[in-house]
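Okay, so chain A shows up in both of these, paired with chain B first and chain C after.
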Partner chain A sequence: WVPVVGLEIHAQISSNSKLFSGSQVQFAAAPNSLVSFFDASLPGTLPVLNRRCVEAAVMTGLALNCSINKRSLFDRKHYFYADLPAGYQITQQRVPIAVNGSLSYSICIDNKMSQMVTKTVRIKQIQLEQDSGKSLHDDTRNQTLVDLNRAGVGLMEVVMEPDMCCGEEAAAAVRELQLILQTLGSSQAVMAEGQLRVDANISVHHPGEHYGVRTEVKNINSLRFLAKAVDYEIQRQIEELENGGTILNETRAFDSKLGCTVPMRDKEGKQDYRFMPEPNLPPLILYDAKSLPANMNHQQVVNVDWIHERLPDLPSVKRAKLVERYGILPEHGFTLLNEDGLTEFFENVVKQTQMKPKKVIGWILNDLLSYLKQHSLTVKESPVSSFLLADLLNLLEKKEISSTAAKQVLAELWKGEGKTPFEIVKEKKLELIQDQKELEQICQAVIDGQENEVMAIKAGNQKVLNKLIGLVQRETQGRSNPALVKQLLEKKLSE
Partner chain B sequence: AALKGGLRFQVSAALKEGHVTPTELCQRCLSLIKSTKFLNAYITVAEETALKQAEESEKRYRRGQPLGVLDGIPIAVKDNFNTAGIETTCASNMLKGYISPYNATVVQKLLDQGAVLLGKTNLDEFAMGSGSTDGVFGPVRNPWSYSRQYKEKSVPKSHSEDEESNWVITGGSSGGSAAAVSSFTCFAALGSDTGGSTRNPAAHCGVVGLKPTYGLISRHGLIPLVNSMDVPGILTRCVDDAAVVLGSLAGHDPKDSTTIQDNFKPFELPNLTDVSKLSIGIPKEYHAPGLSSEILALWSKAADLFKNAGAKVVEVSLPHTRYSIVCYHVLCTAEVASNMARFDGLEYGHRSDMNKSTESMYAATRREGFNDVVRGRILSGNYFLLKQNYENYFIKAQKVRRLIANDFVKVFGSGVDILLTPTTLSDAVPYMEFIKEDNRTRSAQDDILTQAANMAGLPAINVPTGLSERGLPVGLQFIGRSFQEKQLLTVAKWFEKQVKFPMIQLEVKRHDHGAFQHQKSAFFS
Partner chain C sequence: QEVTVEVLDRLEHLALVDFRDAEGVERLQKAIQFADQLHEVNTDGVEPMDSVLEDRCLYLREDDVTEGNCTKELLKNAREKVEEYFVAPPGNIPLPKLEERETFLQGS
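Now for the complex of A and B:
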């Protein structure tokens, strides 16, 4: 079976006001407090296009390698619903603002970070359209409550061709898109706040045959659920077909509690949206350096080249730069960018320590990150600042403590009691023994106490040496430099 | 005598010189509205606010600081324009009691100039119709029904018949505004024009009706019928006044993305004396089936007038004219279906008591709120917009529209400056006769001469020309080039001067006196 997955992603544009009206865009405001006359569809009101939204769409299109349509059009898509005051949505159905792009993303093979593969998904188009309001169904009182704050907020609909084959790919592609949008600033793309919504189109077929009937899965509000929903639906379709059933071209919702998709009984039959050109908005004309008219009002014009020149480094470029600059591995770059604020944290530590970035990265990804994950904290919420960590790593680098001791210090720092690494080392007596004579004495004592092991080593079994090293470590309560101990033991044993 | 008709030279001057005060003017108009109530021209009379506005205007005149020519001038506005704090109904149950929170741009502009808003005028429901007979507040009566000119010519068919059943329609859909201007209750009124809705009633009521170029005047706040054809229309008693009102309304509005960005410069109309450089086109297709012989003769006379004055008068052809009715029908109903989708009873307007489900509430609300004309157009429009029909109907109609528009481009490109055509097929018919045919049939018949200008977005104006055999007004239409309102109005003004259309001799019966109100009519004649 060949599963085929395509995605329709709605990203809320990060702007001060809505796509066609001047009311504010804000999450979780008092109901119906951000509604202009136009948003409420008062008769006689007209749409006025928001320039910032156009720029956001152009930026996104360029970042996704799309062709920007210098002339695009607006259309009305008609249907009746409580959260759609005008009875139609203004969208771009005939000629959208950007087409034919691509997005590269990475996935791990067999869950091994060290084996990353780059995949590409084609971007069919990006279109500008209005978001709808929100309706809440109150079944006890047989009412529907309508909040129009979100009605009219600008959306970019990004359509990804069915080039993906499983939940992991879908989630990875969306994650990469999310990072790109956040880097551009065109959308904050926080799924939990509804700024990024994903609908998946899924079908299965046998190799060589036509594509199967596809279903649309909606109501997915996290990356984790996206992967789950897609995989579940693929399985469901395969099972259905293998049992001789058929797949209906329907819309299904993802039930996160049950972990499965269920049919949505919302819309009966197929809707005819009766698309019609939006007569109140002239065609959207974009310019580039060549076509820009000489005496045009700068305020009235969007110059694609100007935007292109000012695009920030995209995630893929950022990762490559990190790898090159710091000598870390590609998968390290991936993880750094994947956690909000982690790259900045890493770079700050590197600035403040003599330890090589290649070594620092281990502490960041293995120690710090696992602590954060365990306690469900974001990088911003970390009780250990980059300053403190750098301080700690400096102690290690100067060989004042062992790496085992460093881990202990980190655990203490994690408590966030305001102590410095130096203070903790002193308090817990974790300094490495610097006195060579003292060490020699202890090594001698261990040798003297382990006759059998000494004989084994002298007989040629080098592995047993580690046991002796371990014993010295225990004696010194971890305050000995293992490399030095090994040296001393070898010297003594060869005498 | 000073209040005869003109804004530009007469009333404004009178106000400036203190011969009459804005308050007096306002009161007289309000009083006349009351005594002509049977015309049913007004849906809402905003007496209190009008008097307040008049007071403010008066203060400004006393300080010697009037805002302009329009300061203190009583005006009326068709009830499909939003007026803050004053009911806006579109003559529909759907919006009965609807008080808009904002002013349409054109209303705001007039108020900013100091105009006094007397009230909202009657229309066909949602501006759909050509008679101003299909609104929920009843039909508008043409003031000429009560003119000496009409009464002299009408032969009562029987004793029992009186003028009550003989009254004629105003035409539509801006019938209320036309009647208001015609009966002297205001000096200028706003209408709207989508297929002829300003020019048609202007012709039937003997007033000037101007349809400006699409994109010249803001539609923000005009409740739309067909967004791609609607324009605010101007109704006045003379062409000069129309130019003044145009000057105060035209120009880019950032709230309306279909208005042009170019700077508009208000103009004064020159007194044209020499028409020899003018080329007048007579489109042969406007000799439409059903055109009365009277109007044909008048049209011919007008052409001769220009010819004899030295202008070049040529016959031209607009070959796609005959397709404009069906083309308009498809495009209009499609946009109507779309524009009316917002009336669901949720946010504003009528909401049905039916509450079994949202869908049933929508259905009941829309059935209760809209008349059958509106519902009929919605159904047609939705049909044409269905996926399987879109290409054959909507797209096709858009192509035909382009052909119609190109007809004009070709003709104007060949050296013709202005087109001269009839405005209506006949003079105003009696109401009882008009209602024998349904709205759709009537609209299809009556719009033929005016529609194409809306298709092409061109400016056009009705100039009252003469009286028919029945003593009713007949007007002729001038169609001009895009954004060449100055030329259009200049020619119209010249023509107006030549024809010297008679003033209405309005005879208003006052029920309490049981005698003719000669005083009132003398005052205005």
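Now for the complex of A and C:
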């Protein structure tokens, strides 16, 4: 079976005011307080396009390698619903603002970070459209409460071609899109606040045959649920077909509690949106350096080249730069960008320590990050600051403590009691023994007490040396430098 | 080309119009014939025009907050409200199926 997955992603544009009106865009405000007469669809009102929304869509289109349509059109998509007061949504169905792009993303093979593969998904188009209001269903009183604060907020709909084949790919593609949007600033793309909504189109077929009937899955609120929903639906369709059933071309909702997709109620047959051109809006014309009109008011001109020149480094470029600059591995770059604030933290530590970035990254990803994950904390909430960690790594780098001791100190620092690494080392007596004579004495004592092991080593079994090193460590309560101990033991054994 | 009962029923569902009687349907029929005259013009290689505004400049507004904050006024028109929400039925109430409606179309 070949599963086929396509995505339609709606990203709320990060702007002060709405797409076609001057009311404010804000999450969680008093109901119906951010609504203008136009948003409420009162007669006599007209749409006026917000320049910032156009720029956001152009930036996003450029970042996704799209062709920007210098002339795009607005249309009306008609359907009845209580949170769509006009009875239609203004969208771009015929000629959207950007088409034919691509998005590259990485996934791990077999869950091994060290084996990452790059995949590409084609972007069919990006269109500007209005968001609808919010419906709150009050089942007890058999009614729906409608809040139009969200009605008219600008959306970019990003349509991804069915180039993906499973939940993991879908989630990885959306994650990369999320990072790109956040880097551009065109959308904050926080799924939990509804700023990024994903609908998945899923079908299965046998290799060589044409595509099967597809279903649309909605109501997916997180990347994790996206992967689950897609994989569940693929399985469901395969089982259904293998049992001789058929797949209906329907819309299903993902039930996160049960982990399955269910048919959505309230779907009265096939919808016919009766698209028609939006009569109140002329075509949207964009310019570039060549076509820039001489006499036009700057405020009325959106220059695609100007926007292109000012695009920030995209995540893929940032990762490559980190790898080149610090000598870390590609998968390290991936993890750094994947956690909000982690790159900054890492770079701050590197600035404040002599330890090589290649070693620092291990402490960041293996120690710090796993602590954060265990306690469900973000980088910003870390009780250990980059300053403290750098301080600790400096002690390690100067060989004043062993790396085992460093891990103990980190565990103490994690408690956030305000002690410095140096204070903790002193308190717990973790300093490495610097007195060579003292070390030599201990080594000798160990050698004297382990006759059999000494004979084995002299006979050529080098592995037993590690046991002796371990014994010295125990004697010194971990305060000896293993490399130095090994040297001393070898010297003594060869005498 | 006749406009079939199925098409009329579908239009009534989609647009919530009511063709009401034979005269209404006849008027629709005539309107379609009138528009069909467009087919007599050869439009090969001509971009369709969908608005006489097509060469007007689309005005771009600055991204400033200039409206909103008029909850009271908006809710004044609402027949029913709960706190500051508009009240609507629990879901779309679709037009009943043709067989279950008392409509002129039934007889056709």
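Note that the second predicted complex is superposed on the first by the 495 of 495 C-alpha atoms of A that agree within 3 Å, B and C clash if a C-alpha of one lies under 4 Å from a C-alpha of the other, contacts with A are read in each partner's own complex, and residues count from 1 in each chain.
Here is the rule we use: contacts are C-beta pairs under 8 Å (C-beta built on N, C-alpha and C of every residue); 3 or more make two chains touch, one makes a residue touch a chain.
Treat the numbers as computed from the prediction; the structure is a model and nothing was measured.
Q: Taking the superposition as given, does A:G327 touch the first partner, chain B, the second, chain C, both, or neither?
A: Neither: A:G327 stays clear of chain B and chain C.
Q: Please work out whether A:V302 is in contact with chain B alone, chain C alone, both, or neither, and reply first, second, both or neither.
A: Only chain C is touched by A:V302; chain B is not.
Q: Applying the touch criterion given at the start, work out whether A:V54 contacts chain B, chain C, both or neither, answering first, second, both or neither.
A: A:V54 sits against chain C, while chain B stays out of touch.
Q: Mind telling me which of the two, chain B or chain C, contacts the most residues of chain A?
A: Touching more residues of chain A than the other partner does is C.
Q: Looking at A:P31 after the superposition, I want to know if it touches chain B, chain C, both of them or none. Which is it: first, second, both, neither?
A: It touches chain C, and chain B stays clear.
Q: Is A:P312 touching the first partner chain B, the second partner chain C, both, or neither of them?
A: neither
Q: Which partner chains sit in contact with A:S23 here, chain B, chain C, both or neither? Use first/second/both/neither.
A: It touches chain C, and chain B stays clear.
Q: Under the stated touch criterion, which partner chain does A:G362 make contact with: chain B (first), chain C (second), both, or neither?
A: In the superposed model, A:G362 contacts neither chain B nor chain C.
Q: If you stack the two complexes on chain A, which partner ends up touching A:P43: first (chain B), second (chain C), both, or neither?
A: It touches chain B, and chain C stays clear.
Q: Contact-wise, after the overlay, does A:A86 reach chain B, chain C, both or neither (first, second, both, neither)?
A: Touch status of A:A86: first partner only.
Q: Both chain B and chain C touch chain A; at which residues?
A: After superposing on chain A, chain A residues 37, 40, 48-49, 78, 80, 82, 142, 144, 146, 272, 274, 279, 281-282, 300 contact both chain B and chain C.
Q: Across the complex, what residues on chain C touch chain A?
A: Residues of chain C touching chain A: 10, 13-16, 50-51, 53-71, 74-75, 82-92, 94.
Q: Inside the complex, what are the residues of chain B that reach chain A?
A: 81-82, 90, 95, 100-102, 104, 219-224, 226-228, 254-258, 261, 334-335, 337-338, 340-344, 346-348, 355, 358-359, 362, 382, 385-387, 390, 394
Q: Give the list of chain A residues in touch with chain B in this complex.
A: Those in contact with chain B are residues 37, 40-49, 76, 78, 80, 82, 85-88, 142, 144, 146, 272, 274-276, 279-282, 300.
Q: Which positions of chain A touch chain C when the two form their complex?
A: 15-17, 21-24, 30-38, 40, 48-54, 73, 78, 80-82, 135-139, 142-148, 265-266, 268, 272, 274, 277, 279, 281-285, 299-300, 302
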